[in-house]
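Right after this note come the structures.
The same chain A turns up in both complexes below, where it pairs with chain B and then with chain C.
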Partner chain A sequence: MLEKAIVLAGCAVGAGLALIAGIGPGIGEGYAVGKACEAIGRQPECKGEVTSTMLLGCAIAETTGIYGFVTGLLLIFVAPGIFLNLL
Partner chain B sequence: MNVEINGARIFFEIPVLGGIPITATMVNAWCIMVLIIGLCIWLTRDLKVRPTGKRQIVAEFVVQTAQKFVVGNMGERFRNMVPFVSAIFSMSVLCSLSSLVGAFPATSDLSTELAWAVVVFIMITGTKIRTGGLGGYLKGFTQPIFILTPFNILSELATPISMSFRHFGNIVSGSVITSLVYAALAVASHALFGWLPGALGEILGSIPFLQVGIPAVLSVYFDLFSSCMQAFIFCMLTMLYIANAAEE
Partner chain C sequence: MKISPVVKKETARIALGVCVLSAVMLGIFALCGRFDLTVLWGALFGSAYAITNFFLMAYTIQRATESKHTQAKAKIQISYTLRNLLMLAVGITGMIAPCFHWLAVILPFLFPRLSIHLMHILKLESRPVSAEAENTAKGREYQDE
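Showing the complex of A and B:
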(Lines of atoms letter the chains of each structure in order from A and count residues from 1; the text may use other names and numbers.)
(Lines give C-alpha, C1' and ligand atoms only; values in the text may rest on other atoms or scores of the structure.)
Protein backbone atom coordinates (compact mmCIF):
# COMPACT_ATOMS: atom_id res chain seq x y z
CA MET A 1 0.00 0.00 0.00
CA LEU A 2 2.76 2.43 0.97
CA GLU A 3 4.73 1.67 -2.18
CA LYS A 4 1.66 2.40 -4.29
CA ALA A 5 1.12 5.70 -2.55
CA ILE A 6 4.76 6.68 -3.05
CA VAL A 7 4.62 5.80 -6.76
CA LEU A 8 1.43 7.78 -7.33
CA ALA A 9 2.70 10.75 -5.34
CA GLY A 10 5.97 10.68 -7.24
CA CYS A 11 4.13 10.70 -10.57
CA ALA A 12 1.91 13.60 -9.52
CA VAL A 13 4.80 15.68 -8.15
CA GLY A 14 6.85 14.91 -11.25
CA ALA A 15 4.02 16.06 -13.52
CA GLY A 16 3.81 19.29 -11.59
CA LEU A 17 7.57 19.80 -11.80
CA ALA A 18 7.55 19.04 -15.53
CA LEU A 19 5.27 22.00 -16.14
CA ILE A 20 7.94 24.38 -14.80
CA ALA A 21 9.18 24.06 -18.39
CA GLY A 22 6.41 26.50 -19.27
CA ILE A 23 8.36 29.41 -17.76
CA GLY A 24 11.01 29.45 -20.48
CA PRO A 25 8.72 29.67 -23.52
CA GLY A 26 6.61 32.27 -21.69
CA ILE A 27 9.56 34.60 -21.17
CA GLY A 28 11.02 33.91 -24.60
CA GLU A 29 7.79 34.45 -26.50
CA GLY A 30 7.04 37.62 -24.58
CA TYR A 31 10.46 38.94 -25.48
CA ALA A 32 10.01 37.98 -29.15
CA VAL A 33 6.59 39.62 -29.38
CA GLY A 34 7.91 42.75 -27.71
CA LYS A 35 10.74 42.99 -30.22
CA ALA A 36 8.30 42.38 -33.08
CA CYS A 37 6.11 45.24 -31.81
CA GLU A 38 9.20 47.47 -31.73
CA ALA A 39 10.07 46.47 -35.29
CA ILE A 40 6.54 47.16 -36.51
CA GLY A 41 6.54 50.50 -34.72
CA ARG A 42 9.77 51.45 -36.46
CA GLN A 43 8.77 50.14 -39.88
CA PRO A 44 4.97 49.71 -40.12
CA GLU A 45 5.15 48.75 -43.81
CA CYS A 46 6.74 45.34 -43.09
CA LYS A 47 4.05 44.33 -40.60
CA GLY A 48 2.99 41.16 -42.42
CA GLU A 49 6.46 39.76 -42.77
CA VAL A 50 7.43 40.54 -39.18
CA THR A 51 4.21 38.97 -37.88
CA SER A 52 4.62 35.71 -39.77
CA THR A 53 8.29 35.42 -38.83
CA MET A 54 7.42 36.14 -35.21
CA LEU A 55 4.69 33.49 -35.14
CA LEU A 56 7.10 30.93 -36.58
CA GLY A 57 9.74 31.86 -34.02
CA CYS A 58 7.18 31.67 -31.23
CA ALA A 59 6.13 28.22 -32.37
CA ILE A 60 9.71 27.02 -32.29
CA ALA A 61 10.35 28.62 -28.90
CA GLU A 62 7.25 26.86 -27.62
CA THR A 63 8.70 23.41 -28.28
CA THR A 64 10.44 23.04 -24.92
CA GLY A 65 7.23 23.94 -23.12
CA ILE A 66 5.38 21.36 -25.19
CA TYR A 67 7.97 18.76 -24.23
CA GLY A 68 7.29 19.55 -20.58
CA PHE A 69 3.55 19.24 -21.16
CA VAL A 70 3.91 15.89 -22.93
CA THR A 71 6.13 14.66 -20.09
CA GLY A 72 3.45 15.72 -17.62
CA LEU A 73 0.78 13.87 -19.61
CA LEU A 74 2.94 10.75 -19.69
CA LEU A 75 3.57 10.96 -15.94
CA ILE A 76 -0.14 11.26 -15.17
CA PHE A 77 -1.69 8.83 -17.66
CA VAL A 78 1.02 6.32 -18.58
CA ALA A 79 3.71 6.12 -15.89
CA PRO A 80 1.55 5.06 -12.88
CA GLY A 81 0.32 1.98 -14.75
CA ILE A 82 3.83 0.94 -15.77
CA PHE A 83 5.39 1.55 -12.34
CA LEU A 84 2.57 -0.12 -10.43
CA ASN A 85 2.99 -3.19 -12.62
CA LEU A 86 6.68 -3.30 -11.74
CA LEU A 87 5.99 -3.50 -8.00
CA MET B 1 -15.91 16.35 -9.72
CA ASN B 2 -15.17 14.01 -12.58
CA VAL B 3 -12.74 14.90 -15.33
CA GLU B 4 -12.60 12.69 -18.38
CA ILE B 5 -9.50 12.92 -20.53
CA ASN B 6 -9.30 9.98 -22.90
CA GLY B 7 -7.24 9.01 -25.90
CA ALA B 8 -8.71 7.66 -29.11
CA ARG B 9 -11.41 5.07 -28.56
CA ILE B 10 -10.88 1.64 -30.15
CA PHE B 11 -13.96 0.68 -32.15
CA PHE B 12 -12.99 -2.87 -33.13
CA GLU B 13 -9.97 -4.96 -34.06
CA ILE B 14 -9.15 -6.60 -37.37
CA PRO B 15 -8.05 -10.12 -36.42
CA VAL B 16 -4.92 -10.28 -38.61
CA LEU B 17 -1.28 -10.04 -37.49
CA GLY B 18 -2.29 -10.21 -33.84
CA GLY B 19 -5.13 -7.73 -34.11
CA ILE B 20 -4.98 -4.30 -35.76
CA PRO B 21 -7.07 -1.87 -33.69
CA ILE B 22 -9.36 0.49 -35.60
CA THR B 23 -9.47 3.67 -33.51
CA ALA B 24 -11.53 6.84 -33.63
CA THR B 25 -8.43 8.55 -35.08
CA MET B 26 -8.38 6.34 -38.17
CA VAL B 27 -12.12 6.57 -38.77
CA ASN B 28 -12.17 10.36 -38.41
CA ALA B 29 -9.04 10.81 -40.52
CA TRP B 30 -10.61 8.76 -43.33
CA CYS B 31 -13.84 10.77 -43.03
CA ILE B 32 -11.81 14.00 -43.39
CA MET B 33 -9.95 12.56 -46.39
CA VAL B 34 -13.24 11.67 -48.07
CA LEU B 35 -14.50 15.16 -47.28
CA ILE B 36 -11.41 16.80 -48.83
CA ILE B 37 -11.60 14.63 -51.94
CA GLY B 38 -15.30 15.39 -52.30
CA LEU B 39 -14.62 19.08 -51.89
CA CYS B 40 -11.88 18.97 -54.56
CA ILE B 41 -14.12 17.11 -57.01
CA TRP B 42 -17.01 19.49 -56.34
CA LEU B 43 -14.83 22.60 -56.75
CA THR B 44 -13.20 21.48 -59.99
CA ARG B 45 -16.27 20.20 -61.84
CA ASP B 46 -16.84 21.67 -65.36
CA LEU B 47 -14.15 24.36 -65.32
CA LYS B 48 -14.27 27.05 -67.99
CA VAL B 49 -11.57 29.28 -69.45
CA ARG B 50 -13.59 32.33 -68.46
CA PRO B 51 -15.02 31.58 -65.02
CA THR B 52 -18.70 32.34 -64.68
CA GLY B 53 -19.70 30.69 -61.42
CA LYS B 54 -18.58 31.60 -57.91
CA ARG B 55 -17.36 28.05 -57.41
CA GLN B 56 -14.56 28.28 -59.94
CA ILE B 57 -13.44 31.65 -58.62
CA VAL B 58 -13.17 30.17 -55.12
CA ALA B 59 -11.21 27.20 -56.49
CA GLU B 60 -8.82 29.47 -58.41
CA PHE B 61 -8.34 31.65 -55.35
CA VAL B 62 -7.45 28.63 -53.21
CA VAL B 63 -4.97 27.28 -55.76
CA GLN B 64 -3.36 30.67 -56.30
CA THR B 65 -2.99 31.26 -52.57
CA ALA B 66 -1.35 27.87 -52.12
CA GLN B 67 1.03 28.50 -55.02
CA LYS B 68 1.95 31.95 -53.76
CA PHE B 69 2.52 30.56 -50.24
CA VAL B 70 4.81 27.73 -51.36
CA VAL B 71 6.67 29.49 -54.17
CA GLY B 72 7.13 32.63 -52.06
CA ASN B 73 8.75 30.64 -49.27
CA MET B 74 10.69 28.00 -51.19
CA GLY B 75 11.44 29.52 -54.58
CA GLU B 76 10.30 28.79 -58.09
CA ARG B 77 12.02 25.39 -58.47
CA PHE B 78 9.88 23.89 -55.71
CA ARG B 79 6.60 24.44 -57.55
CA ASN B 80 6.03 20.65 -57.46
CA MET B 81 5.76 20.86 -53.65
CA VAL B 82 2.47 22.80 -53.85
CA PRO B 83 0.16 19.73 -53.79
CA PHE B 84 2.03 18.09 -50.90
CA VAL B 85 2.04 21.18 -48.68
CA SER B 86 -1.59 22.03 -49.43
CA ALA B 87 -2.60 18.43 -48.72
CA ILE B 88 -0.95 18.48 -45.29
CA PHE B 89 -2.36 21.94 -44.56
CA SER B 90 -5.96 21.10 -45.47
CA MET B 91 -5.79 17.76 -43.66
CA SER B 92 -4.37 19.34 -40.52
CA VAL B 93 -6.83 22.25 -40.44
CA LEU B 94 -9.89 20.09 -41.08
CA CYS B 95 -8.80 17.41 -38.59
CA SER B 96 -8.28 19.98 -35.85
CA LEU B 97 -11.48 21.84 -36.67
CA SER B 98 -13.48 18.61 -36.56
CA SER B 99 -13.45 19.00 -32.77
CA LEU B 100 -15.88 21.90 -33.29
CA VAL B 101 -18.62 19.45 -34.31
CA GLY B 102 -17.79 17.18 -31.38
CA ALA B 103 -15.78 14.56 -33.27
CA PHE B 104 -12.48 13.25 -31.90
CA PRO B 105 -9.87 15.34 -33.72
CA ALA B 106 -7.41 13.04 -35.44
CA THR B 107 -4.61 15.53 -34.71
CA SER B 108 -4.91 14.91 -30.95
CA ASP B 109 -3.41 11.46 -31.54
CA LEU B 110 0.37 11.45 -31.85
CA SER B 111 0.28 8.75 -34.54
CA THR B 112 -1.23 11.14 -37.09
CA GLU B 113 1.38 13.84 -36.69
CA LEU B 114 4.20 11.36 -36.38
CA ALA B 115 3.17 9.86 -39.73
CA TRP B 116 3.25 13.27 -41.40
CA ALA B 117 6.57 14.16 -39.75
CA VAL B 118 8.14 10.88 -40.85
CA VAL B 119 7.03 11.55 -44.44
CA VAL B 120 8.55 15.03 -44.21
CA PHE B 121 11.75 13.56 -42.73
CA ILE B 122 12.04 11.12 -45.63
CA MET B 123 11.55 13.99 -48.06
CA ILE B 124 14.23 16.08 -46.31
CA THR B 125 16.69 13.18 -46.43
CA GLY B 126 15.81 12.49 -50.06
CA THR B 127 16.37 16.12 -51.00
CA LYS B 128 19.73 16.16 -49.19
CA ILE B 129 20.88 12.99 -50.96
CA ARG B 130 19.70 14.34 -54.32
CA THR B 131 21.59 17.63 -53.93
CA GLY B 132 24.83 16.40 -52.38
CA GLY B 133 24.91 12.73 -53.32
CA LEU B 134 25.05 9.90 -50.78
CA GLY B 135 28.68 10.69 -49.95
CA GLY B 136 27.92 14.36 -49.41
CA TYR B 137 24.96 13.46 -47.21
CA LEU B 138 27.05 11.15 -45.01
CA LYS B 139 29.91 13.65 -44.96
CA GLY B 140 27.50 16.32 -43.71
CA PHE B 141 27.28 14.46 -40.40
CA THR B 142 30.99 15.01 -39.70
CA GLN B 143 30.79 18.79 -40.12
CA PRO B 144 32.36 20.94 -38.73
CA ILE B 145 34.56 18.33 -36.95
CA PHE B 146 34.07 14.57 -36.74
CA ILE B 147 33.66 14.57 -32.92
CA LEU B 148 30.25 16.16 -33.40
CA THR B 149 28.88 13.22 -35.40
CA PRO B 150 26.67 11.81 -32.60
CA PHE B 151 25.18 15.25 -31.98
CA ASN B 152 24.51 15.74 -35.69
CA ILE B 153 22.72 12.39 -35.83
CA LEU B 154 20.69 13.33 -32.74
CA SER B 155 19.69 16.69 -34.17
CA GLU B 156 18.73 14.96 -37.42
CA LEU B 157 16.45 12.59 -35.52
CA ALA B 158 15.04 15.41 -33.41
CA THR B 159 13.45 17.05 -36.46
CA PRO B 160 10.46 14.69 -36.90
CA ILE B 161 10.03 14.32 -33.13
CA SER B 162 9.92 18.03 -32.45
CA MET B 163 7.64 18.71 -35.43
CA SER B 164 5.11 16.06 -34.43
CA PHE B 165 5.24 16.81 -30.70
CA ARG B 166 4.71 20.53 -31.30
CA HIS B 167 1.50 20.01 -33.26
CA PHE B 168 0.27 17.21 -30.98
CA GLY B 169 1.03 19.09 -27.77
CA ASN B 170 -0.76 22.23 -28.88
CA ILE B 171 -3.96 20.43 -29.88
CA VAL B 172 -4.01 18.13 -26.83
CA SER B 173 -3.22 20.93 -24.38
CA GLY B 174 -6.25 22.76 -25.77
CA SER B 175 -8.58 19.82 -25.17
CA VAL B 176 -7.09 19.07 -21.71
CA ILE B 177 -7.46 22.68 -20.57
CA THR B 178 -11.01 22.87 -21.98
CA SER B 179 -12.12 19.74 -20.12
CA LEU B 180 -10.47 20.98 -16.89
CA VAL B 181 -12.30 24.30 -17.24
CA TYR B 182 -15.61 22.51 -17.82
CA ALA B 183 -15.12 20.44 -14.66
CA ALA B 184 -14.09 23.50 -12.63
CA LEU B 185 -17.11 25.47 -13.85
CA ALA B 186 -19.43 22.64 -12.81
CA VAL B 187 -17.95 22.76 -9.30
CA ALA B 188 -18.16 26.56 -9.25
CA SER B 189 -21.83 26.64 -10.24
CA HIS B 190 -22.56 23.98 -7.63
CA ALA B 191 -20.89 26.16 -5.01
CA LEU B 192 -22.83 29.19 -6.25
CA PHE B 193 -26.33 27.69 -5.96
CA GLY B 194 -25.83 24.61 -3.80
CA TRP B 195 -26.19 26.53 -0.51
CA LEU B 196 -29.89 27.26 -1.16
CA PRO B 197 -32.06 25.30 1.30
CA GLY B 198 -33.86 22.07 0.49
CA ALA B 199 -34.67 20.66 -2.94
CA LEU B 200 -34.24 24.05 -4.64
CA GLY B 201 -30.55 24.16 -3.85
CA GLU B 202 -30.10 20.54 -4.85
CA ILE B 203 -31.70 21.04 -8.26
CA LEU B 204 -30.12 24.40 -9.03
CA GLY B 205 -26.74 23.18 -7.77
CA SER B 206 -26.76 20.20 -10.07
CA ILE B 207 -27.22 22.32 -13.21
CA PRO B 208 -23.86 23.73 -14.39
CA PHE B 209 -25.04 27.23 -15.36
CA LEU B 210 -21.53 28.64 -15.66
CA GLN B 211 -20.66 26.19 -18.42
CA VAL B 212 -22.69 28.35 -20.82
CA GLY B 213 -20.67 31.00 -22.58
CA ILE B 214 -17.33 31.02 -20.77
CA PRO B 215 -15.80 27.96 -22.53
CA ALA B 216 -16.76 29.47 -25.90
CA VAL B 217 -14.03 32.08 -25.46
CA LEU B 218 -11.49 29.32 -24.87
CA SER B 219 -12.83 27.43 -27.86
CA VAL B 220 -12.19 30.40 -30.15
CA TYR B 221 -8.53 30.36 -29.14
CA PHE B 222 -7.86 26.64 -28.82
CA ASP B 223 -10.03 25.31 -31.62
CA LEU B 224 -10.03 28.05 -34.24
CA PHE B 225 -6.80 30.00 -33.75
CA SER B 226 -4.53 27.22 -32.52
CA SER B 227 -5.68 24.73 -35.18
CA CYS B 228 -5.02 27.09 -38.08
CA MET B 229 -1.78 28.29 -36.47
CA GLN B 230 -0.38 24.79 -35.99
CA ALA B 231 -1.27 23.75 -39.53
CA PHE B 232 0.45 26.90 -40.83
CA ILE B 233 3.53 26.27 -38.70
CA PHE B 234 3.77 22.61 -39.68
CA CYS B 235 3.66 23.52 -43.38
CA MET B 236 6.06 26.44 -42.89
CA LEU B 237 8.61 24.19 -41.15
CA THR B 238 8.18 21.53 -43.83
CA MET B 239 8.97 24.06 -46.52
CA LEU B 240 11.88 25.61 -44.64
CA TYR B 241 13.52 22.26 -43.88
CA ILE B 242 13.18 21.01 -47.45
CA ALA B 243 14.38 24.29 -48.95
CA ASN B 244 17.35 24.28 -46.55
CA ALA B 245 18.16 20.68 -47.45
CA ALA B 246 18.39 21.62 -51.12
CA GLU B 247 20.76 24.50 -50.45
CA GLU B 248 23.46 22.59 -48.65
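Showing the complex of A and C:
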Protein backbone atom coordinates (compact mmCIF):
# COMPACT_ATOMS: atom_id res chain seq x y z
CA MET A 1 0.00 0.00 0.00
CA LEU A 2 2.80 2.38 0.99
CA GLU A 3 4.77 1.52 -2.16
CA LYS A 4 1.75 2.30 -4.31
CA ALA A 5 1.29 5.64 -2.58
CA ILE A 6 4.97 6.50 -3.07
CA VAL A 7 4.81 5.63 -6.79
CA LEU A 8 1.67 7.73 -7.31
CA ALA A 9 3.13 10.64 -5.35
CA GLY A 10 6.37 10.45 -7.33
CA CYS A 11 4.48 10.49 -10.61
CA ALA A 12 2.39 13.48 -9.49
CA VAL A 13 5.43 15.44 -8.29
CA GLY A 14 7.31 14.57 -11.50
CA ALA A 15 4.40 15.75 -13.64
CA GLY A 16 4.30 19.01 -11.72
CA LEU A 17 8.04 19.52 -12.21
CA ALA A 18 7.76 18.69 -15.93
CA LEU A 19 5.12 21.35 -16.40
CA ILE A 20 7.56 24.02 -15.16
CA ALA A 21 9.05 23.71 -18.67
CA GLY A 22 5.98 25.56 -19.91
CA ILE A 23 7.01 28.84 -18.26
CA GLY A 24 10.12 29.51 -20.34
CA PRO A 25 8.60 29.51 -23.85
CA GLY A 26 5.89 31.98 -22.78
CA ILE A 27 8.47 34.48 -21.55
CA GLY A 28 10.76 33.83 -24.52
CA GLU A 29 8.03 34.22 -27.11
CA GLY A 30 6.84 37.45 -25.55
CA TYR A 31 10.39 38.81 -25.60
CA ALA A 32 10.96 37.72 -29.22
CA VAL A 33 7.72 39.28 -30.43
CA GLY A 34 8.50 42.50 -28.54
CA LYS A 35 11.86 42.71 -30.32
CA ALA A 36 10.21 41.87 -33.65
CA CYS A 37 7.82 44.81 -33.14
CA GLU A 38 10.82 47.06 -32.59
CA ALA A 39 12.46 45.69 -35.75
CA ILE A 40 9.31 46.22 -37.81
CA GLY A 41 9.03 49.74 -36.41
CA ARG A 42 12.56 50.50 -37.60
CA GLN A 43 12.23 48.75 -40.95
CA PRO A 44 8.56 48.35 -41.96
CA GLU A 45 9.48 46.90 -45.38
CA CYS A 46 10.68 43.72 -43.69
CA LYS A 47 7.40 43.03 -41.91
CA GLY A 48 6.56 39.91 -43.95
CA GLU A 49 10.00 38.38 -43.59
CA VAL A 50 10.26 39.19 -39.88
CA THR A 51 6.80 37.72 -39.21
CA SER A 52 7.55 34.59 -41.24
CA THR A 53 10.86 33.93 -39.48
CA MET A 54 9.35 34.66 -36.08
CA LEU A 55 6.44 32.27 -36.66
CA LEU A 56 8.81 29.38 -37.22
CA GLY A 57 10.99 30.47 -34.30
CA CYS A 58 8.00 30.68 -31.97
CA ALA A 59 6.73 27.28 -33.15
CA ILE A 60 10.09 25.73 -32.34
CA ALA A 61 10.32 27.51 -28.98
CA GLU A 62 6.83 26.40 -28.07
CA THR A 63 7.66 22.75 -28.62
CA THR A 64 9.89 22.89 -25.53
CA GLY A 65 6.79 23.54 -23.45
CA ILE A 66 4.95 20.77 -25.30
CA TYR A 67 7.73 18.30 -24.39
CA GLY A 68 7.18 19.12 -20.72
CA PHE A 69 3.43 18.86 -21.12
CA VAL A 70 3.64 15.47 -22.86
CA THR A 71 6.00 14.23 -20.15
CA GLY A 72 3.56 15.40 -17.50
CA LEU A 73 0.63 13.65 -19.21
CA LEU A 74 2.61 10.43 -19.53
CA LEU A 75 3.58 10.59 -15.86
CA ILE A 76 -0.02 11.09 -14.80
CA PHE A 77 -1.84 8.68 -17.11
CA VAL A 78 0.64 6.06 -18.32
CA ALA A 79 3.54 5.76 -15.88
CA PRO A 80 1.59 4.83 -12.70
CA GLY A 81 0.14 1.74 -14.39
CA ILE A 82 3.56 0.62 -15.62
CA PHE A 83 5.32 1.24 -12.30
CA LEU A 84 2.57 -0.37 -10.25
CA ASN A 85 2.81 -3.50 -12.43
CA LEU A 86 6.50 -3.66 -11.61
CA LEU A 87 5.82 -3.79 -7.87
CA MET B 1 -9.11 41.50 -38.77
CA LYS B 2 -7.83 40.18 -42.08
CA ILE B 3 -5.47 37.22 -41.97
CA SER B 4 -2.16 38.13 -43.57
CA PRO B 5 -0.78 36.09 -46.51
CA VAL B 6 2.31 35.21 -44.43
CA VAL B 7 0.14 33.55 -41.79
CA LYS B 8 -1.88 31.69 -44.45
CA LYS B 9 1.27 30.53 -46.24
CA GLU B 10 3.09 29.32 -43.13
CA THR B 11 -0.03 27.61 -41.76
CA ALA B 12 -0.53 25.82 -45.08
CA ARG B 13 3.10 24.65 -45.06
CA ILE B 14 2.87 23.41 -41.48
CA ALA B 15 -0.50 21.75 -42.17
CA LEU B 16 1.03 19.91 -45.11
CA GLY B 17 3.97 18.78 -42.97
CA VAL B 18 1.68 17.62 -40.14
CA CYS B 19 -0.53 15.68 -42.60
CA VAL B 20 2.48 13.94 -44.15
CA LEU B 21 3.96 13.06 -40.76
CA SER B 22 0.57 11.82 -39.52
CA ALA B 23 0.33 9.57 -42.57
CA VAL B 24 3.81 8.24 -41.76
CA MET B 25 2.75 7.66 -38.14
CA LEU B 26 -0.36 5.75 -39.28
CA GLY B 27 1.85 3.69 -41.58
CA ILE B 28 4.14 2.81 -38.68
CA PHE B 29 1.12 1.82 -36.57
CA ALA B 30 -0.08 -0.38 -39.45
CA LEU B 31 3.37 -1.98 -39.79
CA CYS B 32 3.39 -2.75 -36.06
CA GLY B 33 -0.05 -4.33 -36.38
CA ARG B 34 -1.59 -1.83 -33.96
CA PHE B 35 -3.71 0.09 -36.47
CA ASP B 36 -7.40 0.40 -35.66
CA LEU B 37 -10.11 3.05 -35.73
CA THR B 38 -8.98 4.62 -32.42
CA VAL B 39 -5.54 5.30 -33.92
CA LEU B 40 -7.13 6.99 -36.94
CA TRP B 41 -9.43 9.16 -34.82
CA GLY B 42 -6.58 9.96 -32.46
CA ALA B 43 -4.31 11.01 -35.33
CA LEU B 44 -7.06 13.20 -36.80
CA PHE B 45 -7.78 14.81 -33.42
CA GLY B 46 -4.12 15.42 -32.58
CA SER B 47 -3.26 16.73 -36.05
CA ALA B 48 -6.27 19.05 -36.11
CA TYR B 49 -5.20 20.45 -32.76
CA ALA B 50 -1.54 20.87 -33.86
CA ILE B 51 -2.59 22.83 -36.97
CA THR B 52 -5.12 24.92 -35.03
CA ASN B 53 -2.51 25.70 -32.38
CA PHE B 54 -0.03 26.87 -35.00
CA PHE B 55 -2.68 28.99 -36.73
CA LEU B 56 -3.76 30.60 -33.44
CA MET B 57 -0.12 31.34 -32.60
CA ALA B 58 0.50 32.82 -36.06
CA TYR B 59 -2.64 34.93 -35.89
CA THR B 60 -1.70 36.24 -32.44
CA ILE B 61 1.78 37.10 -33.70
CA GLN B 62 0.25 38.94 -36.66
CA ARG B 63 -1.94 40.95 -34.29
CA ALA B 64 0.95 41.52 -31.89
CA THR B 65 3.28 42.86 -34.58
CA GLU B 66 0.69 45.50 -35.37
CA SER B 67 0.63 46.75 -31.78
CA LYS B 68 3.12 48.44 -29.46
CA HIS B 69 6.14 46.62 -28.07
CA THR B 70 4.80 46.19 -24.50
CA GLN B 71 1.30 45.28 -25.67
CA ALA B 72 2.77 42.72 -28.06
CA LYS B 73 4.58 40.97 -25.21
CA ALA B 74 1.42 40.79 -23.11
CA LYS B 75 -0.70 39.57 -26.05
CA ILE B 76 1.69 36.74 -26.82
CA GLN B 77 1.97 35.68 -23.18
CA ILE B 78 -1.81 35.63 -22.73
CA SER B 79 -2.25 33.73 -25.97
CA TYR B 80 0.41 31.21 -24.91
CA THR B 81 -1.36 30.61 -21.60
CA LEU B 82 -4.75 30.13 -23.26
CA ARG B 83 -3.31 27.81 -25.91
CA ASN B 84 -1.62 25.79 -23.17
CA LEU B 85 -4.96 25.40 -21.40
CA LEU B 86 -6.49 24.25 -24.69
CA MET B 87 -3.63 21.80 -25.11
CA LEU B 88 -4.26 20.50 -21.60
CA ALA B 89 -7.93 19.92 -22.46
CA VAL B 90 -7.06 18.21 -25.75
CA GLY B 91 -4.33 16.08 -24.15
CA ILE B 92 -6.51 14.92 -21.26
CA THR B 93 -9.41 14.20 -23.65
CA GLY B 94 -7.05 12.17 -25.83
CA MET B 95 -5.82 10.21 -22.82
CA ILE B 96 -9.23 9.57 -21.24
CA ALA B 97 -11.62 9.15 -24.19
CA PRO B 98 -11.84 5.50 -25.28
CA CYS B 99 -12.41 6.45 -28.92
CA PHE B 100 -8.84 7.82 -29.20
CA HIS B 101 -5.50 6.03 -29.01
CA TRP B 102 -3.47 8.16 -26.58
CA LEU B 103 -0.17 7.91 -28.48
CA ALA B 104 -1.82 8.88 -31.78
CA VAL B 105 -3.23 12.00 -30.09
CA ILE B 106 -0.01 13.06 -28.33
CA LEU B 107 2.55 12.51 -31.09
CA PRO B 108 1.08 15.02 -33.61
CA PHE B 109 1.67 17.81 -31.02
CA LEU B 110 5.36 17.53 -31.91
CA PHE B 111 4.87 17.40 -35.69
CA PRO B 112 5.03 21.19 -36.38
CA ARG B 113 8.58 21.30 -35.08
CA LEU B 114 9.51 18.14 -36.96
CA SER B 115 8.05 19.51 -40.19
CA ILE B 116 9.98 22.79 -39.76
CA HIS B 117 13.20 20.80 -39.34
CA LEU B 118 12.34 18.57 -42.29
CA MET B 119 11.62 21.59 -44.49
CA HIS B 120 14.94 23.06 -43.41
CA ILE B 121 16.74 19.82 -44.24
CA LEU B 122 14.94 19.47 -47.58
CA LYS B 123 15.61 23.18 -48.34
CA LEU B 124 11.90 23.94 -48.59
CA GLU B 125 11.89 26.92 -46.24
CA SER B 126 11.15 30.44 -47.47
CA ARG B 127 13.98 32.95 -47.43
CA PRO B 128 13.99 34.84 -44.12
CA VAL B 129 14.96 38.24 -45.53
CA SER B 130 14.28 39.29 -49.10
CA ALA B 131 16.95 41.01 -51.13
CA GLU B 132 14.45 43.75 -51.92
CA ALA B 133 14.04 44.55 -48.24
CA GLU B 134 17.79 44.46 -47.63
CA ASN B 135 18.40 46.94 -50.41
CA THR B 136 15.90 49.57 -49.32
CA ALA B 137 17.22 52.90 -48.21
CA LYS B 138 15.87 52.44 -44.67
CA GLY B 139 17.41 49.00 -44.42
CA ARG B 140 20.86 50.27 -45.40
CA GLU B 141 20.45 53.18 -43.01
CA TYR B 142 19.62 50.77 -40.17
CA GLN B 143 22.57 48.53 -41.03
CA ASP B 144 24.90 51.55 -41.01
CA GLU B 145 23.76 52.48 -37.52
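FYI, the second predicted complex is superposed on the first by the 87 of 87 C-alpha atoms of A that agree within 3 Å, B and C clash if a C-alpha of one lies under 4 Å from a C-alpha of the other, contacts with A are read in each partner's own complex, and residues count from 1 in each chain.
Note that contacts are C-beta pairs under 8 Å (C-beta built on N, C-alpha and C of every residue); 3 or more make two chains touch, one makes a residue touch a chain.
These numbers come from a predicted model, not from an experiment.
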{"item": "Which superposed partner A:I20 touches (first chain B, second chain C, both, neither)", "value": "neither"}
{"item": "Partner chain in contact with A:E62 - chain B first, chain C second, else both or neither", "value": "both"}
{"item": "Superposition-derived comparison: chain B or chain C, residues of chain A touched", "value": "C"}
{"item": "First (chain B), second (chain C), both or neither touched by A:F77", "value": "both"}
{"item": "Partner chain(s) touched by A:T51 [first = chain B, second = chain C, both, neither]", "value": "second"}
{"item": "Which superposed partner A:A9 touches (first chain B, second chain C, both, neither)", "value": "neither"}
{"item": "Which superposed partner A:Y31 touches (first chain B, second chain C, both, neither)", "value": "second"}
{"item": "Shared chain A surface residues [contacts with chain B and with chain C]", "value": "52, 55-56, 59, 62-63, 66-67, 69-70, 73, 77"}
{"item": "Contact footprint of chain C on chain A as seen in their complex", "value": "22, 25-27, 29-31, 33-34, 36-38, 40-56, 58-60, 62-63, 65-67, 69-70, 73-74, 77-78"}
{"item": "Touch list for chain C against partner chain A, complex", "value": "4-7, 9-10, 14, 54, 57-58, 61-62, 64-65, 67-70, 72-77, 80-81, 84, 87-88, 91-92, 95-96, 102, 106, 109-110, 112-113, 116, 125-130, 132-133, 136, 138-139, 142"}
{"item": "Chain A to chain B touching residues, read off their complex", "value": "52, 55-56, 59, 62-63, 66-67, 69-70, 73, 77"}
{"item": "In the complex, chain B residues that touch chain A", "value": "5, 162, 165-166, 168-170, 172-173, 176, 229-230, 232-233, 236-237"}
